[in-house]
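What follows is a set of structures for review.
What follows is a pair of complexes built around chain A, which joins chain B in one and chain C in the other.
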Partner chain A sequence: MKKAQSQIHESIIVIFIFSIIFAMALFGVYRYNTLSVQGIQKDIEESRSLSLLNNLPGSPLIQQSELGNEKEAVDTLKILDLELNGLGFRTIEITQTYPEVDKVECNSDNYPGCNSYIIYNRVRQTGNKNVVSIPVSLYFPLTKEVKVGKLTITTYE
Partner chain B sequence: MSKKAEIQFYLVFVLIAGAIILAFLVSFGLKFKEVQEEKTTIRVLNNLESSFSELQGSQFQTSTSFRLPVDMRVVCTPTEEVLLINGRSLKSDNLIFSLGNLNEEVLIGFSPDKLPFKITNFFYIIKKTDTYSLVYDNSNEEVVREIGKDFKSYFPDNVEITNDPKNKIKVYFERNDNADIYVIPETEESGKIYFRGGNSLDYYNRAMLYGAIISRENSACLFEKADKIRLDVISSYRNKISHLPANCNYNNLLLNFQKMENLSGKELVDTAKALEKQNEALLNENCPLVF
Partner chain C sequence: MNKGQIESVGLVLVVVVIVILLVFTLPFLLKEDTRNSDSLLSAKADALRVSVLSYTLCNEVSMKEEILNCESNAPECLEDCGKLEDEIKNMIDSVLEPNIVYEFKVEGSKPIIIGDTSSCLNKFSSASQPLSRNLKVEVSLCMK
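Moving on to the complex of A and B:
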């Protein structure tokens, strides 16, 4: 009877330890999954920035058009007073890179002698930031000139 | 402790331990399922966004094929448009025309919404099995072929322009009370679309017509959203005019932009046409164009 009792004790201990290890393993798998979801969400934010970078120059709020036909350039008069909204924690800036001009933010008083148009700005101070940019053509309707610029999207994690 | 009591204690211990392990396993299983569903939802949304992005960059009128591993439904409410994927709702910034539950193979098309300047982009999602017949008769063949040509170019295997309809969804271009949809064109671009049940909607361009054919009555909500975007675009043009040279006369354009904010139906189409002409006239006066 004593032998049987000690076997029951052993079995209980084995079951107990096995349960703990099993629970730890399950928790590990769950944690891995949760982290991978967070990773995917981070990837999505990055791909949303890239998608914005691709699509923004084609937005009617920004794009130059001539007789209703869209052109591959940003209309600088359209972005002079433009304030986008609802794009998360990001800064979206269009800068003139060539020819070089004074490095000041554009407004109605200094246009076109300025180089930066901030069309969206919602900064988050903490965390990392991811910066992506593409070259764009800048169209100046008053002089009908096209200059070289850069569209930069800074995403705050 | 007697042996009987000891055995009873062990039994109770094993039962409680078993119940705890079982409860833990069940809750873990549920959590795991939830996380997996979230992963799938995020992946579907991400792939969908990529498809939209690719289509916008395409130089041709085309559609792209997309495989949905789970059920998806587009729901438009007055405040927002949401994608219901796998029972989860996610806000979408795109105007997506579709009907009912979408699953497995779907086709995605895209068209810019213009009046006469670009307002936004419309995306169309149809099931690969959905087929449309745009039905003409002797009196309107040319008109129907012209109106339907872009729709056919987006979905060449799913759309036929015919006088002998065989496809699932039949669209007539004259009054037909038995039709699912019939369209009464007023001009090449605009008109009225009627649905079974008596509801009707105005359309001002082909992008809207195609959206209404796909989404039926649901497109009213998406048209309202496009109207709101139109106001933003008009506001951006009015801002632009404020920076254009004072020696050029933009007053008539400003007036029509202002009118466009509140108009609908034929009046809106007429004002858009007037606006187009006024913008063209700026070229002769050597003044910068507005759009």
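Moving on to the complex of A and C:
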């Protein structure tokens, strides 16, 4: 084989190896970008859940108010038939934790002998889920009592 | 120095630069973002303080009022003020996750301290809520 031919073969091998390395690098960058986008999406959903957790108890839709005065408690009569919408794939539940009562979902028939109020529910079966919760005061207008509860937001990835 | 040696030194320099860059960037890439859990704990501490203090013990008497009553040794709902701590402890245990360490502190002439966060490295405290001139309540939380 002449010297020129062997140099051409060498160049072809170098270009071939370089192409493989380049393709692998491209795939790596693509994977990294995909994972980054998924990570950013997850962070946004988590931040949205935290924002809901902080702001929902103070929303006029569920907050107790008396003669226009807003109190730091959730009015259980307001959340009894409340259905929120447009909050993505998540479940928002308010449960009474103290004193303990029967673990039953509340409706107009069993209220107040129940412990759970689901105010938003859009479940995604696949993927992981992230659960965050915060203590809330639950106000019962019929007995004018305040009990301890928990607002739980489950976010589905 | 011949051409081959110069190329080897260049290659070594490139590798050294890449290693140095990796050493400085990896900690940032691998660092876990704790901002969300920090703000959650802080919000939890404030919400817990409000929930415990506004709980109705009996006949429209709240926990806040009973703590004030106990300050002057005249409880309205409980048989004795010693049961106040149990009531608050049960309340907090029912609402917090088991991996959260808490401390509920009433500062006054008869201080109440429920839980212990002295072993916590990163502690989040609620705003201190005054109940009277010399009585204030604060909640601290941290992760186990």
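Worth a mention:
Criterion: the second predicted complex is superposed on the first by the 156 of 157 C-alpha atoms of A that agree within 3 Å, B and C clash if a C-alpha of one lies under 4 Å from a C-alpha of the other, contacts with A are read in each partner's own complex, and residues count from 1 in each chain.
We take it that a residue touches a chain if its C-beta (ideal position, glycine included) is under 8 Å from a C-beta of that chain, and two chains touch if they have at least 3 such contacts.
For clarity, every value in this text was computed on a predicted model and none was experimentally measured.
With the two structures aligned on chain A, chain B fits next to chain C without clashing.
When the two structures are aligned on the shared chain, A:28 is found in touch with neither chain B nor chain C. In the superposition on chain A, contact of A:113 is made with neither chain B nor chain C. Look at A:98: by the touch rule set out above, it reaches chain C but stays clear of chain B. Once chain A of one complex is fitted onto chain A of the other, the partner contacts of A:54 extend to both chain B and chain C. By the touch criterion defined above, A:75 reaches chain B but does not reach chain C. In the overlay built on the shared chain, the residue A:135 is in contact with chain C alone; chain B does not reach it. Applying the stated contact rule after C-alpha superposition, one finds that A:5 touches chain B and leaves chain C untouched.
Contacts of A:65 after superposition on the shared chain: chain B is touched, whereas chain C is not. In the superposition on chain A, A:43 makes contact with both chain B and chain C. Between chain B and chain C, more residues of chain A are touched by B. Put simply, chain B and chain C get as close as 9 Å, counting only Cα atoms, in the superposed view. Counting contacts by the rule stated earlier, residues 43, 47, 54, 144 of chain A appear in both its interface with chain B and its interface with chain C.
Across the complex, chain A is touched by residues 33, 36, 39-40, 43-44, 47-48, 50-52, 54-56, 60, 62, 90-91, 94-97 of chain C.
Those residues of chain A whose C-beta lies close enough to touch chain B in the complex are 1, 5, 8, 12, 15-16, 19, 22-23, 26, 29-30, 33-34, 36-37, 40-41, 43-44, 47-48, 51, 54-55, 58, 60-61, 63, 65-68, 70, 75, 77-78, 80-82, 86, 108, 111, 141-142, 144. Of all the residues in chain B, the ones that touch chain A in their complex are 3, 6, 10, 13-14, 17, 21, 24-25, 28, 31-32, 35-36, 38-39, 42-43, 45-46, 49-50, 52-53, 56-57, 93, 112, 114, 116-120, 232-233, 236-237, 239-240, 243-245, 276, 279-280, 283, 288-289, 291. Residues 43, 46-47, 50, 53-54, 57, 72-73, 97-98, 100, 132-137, 144-150 of chain A touch chain C in their complex.
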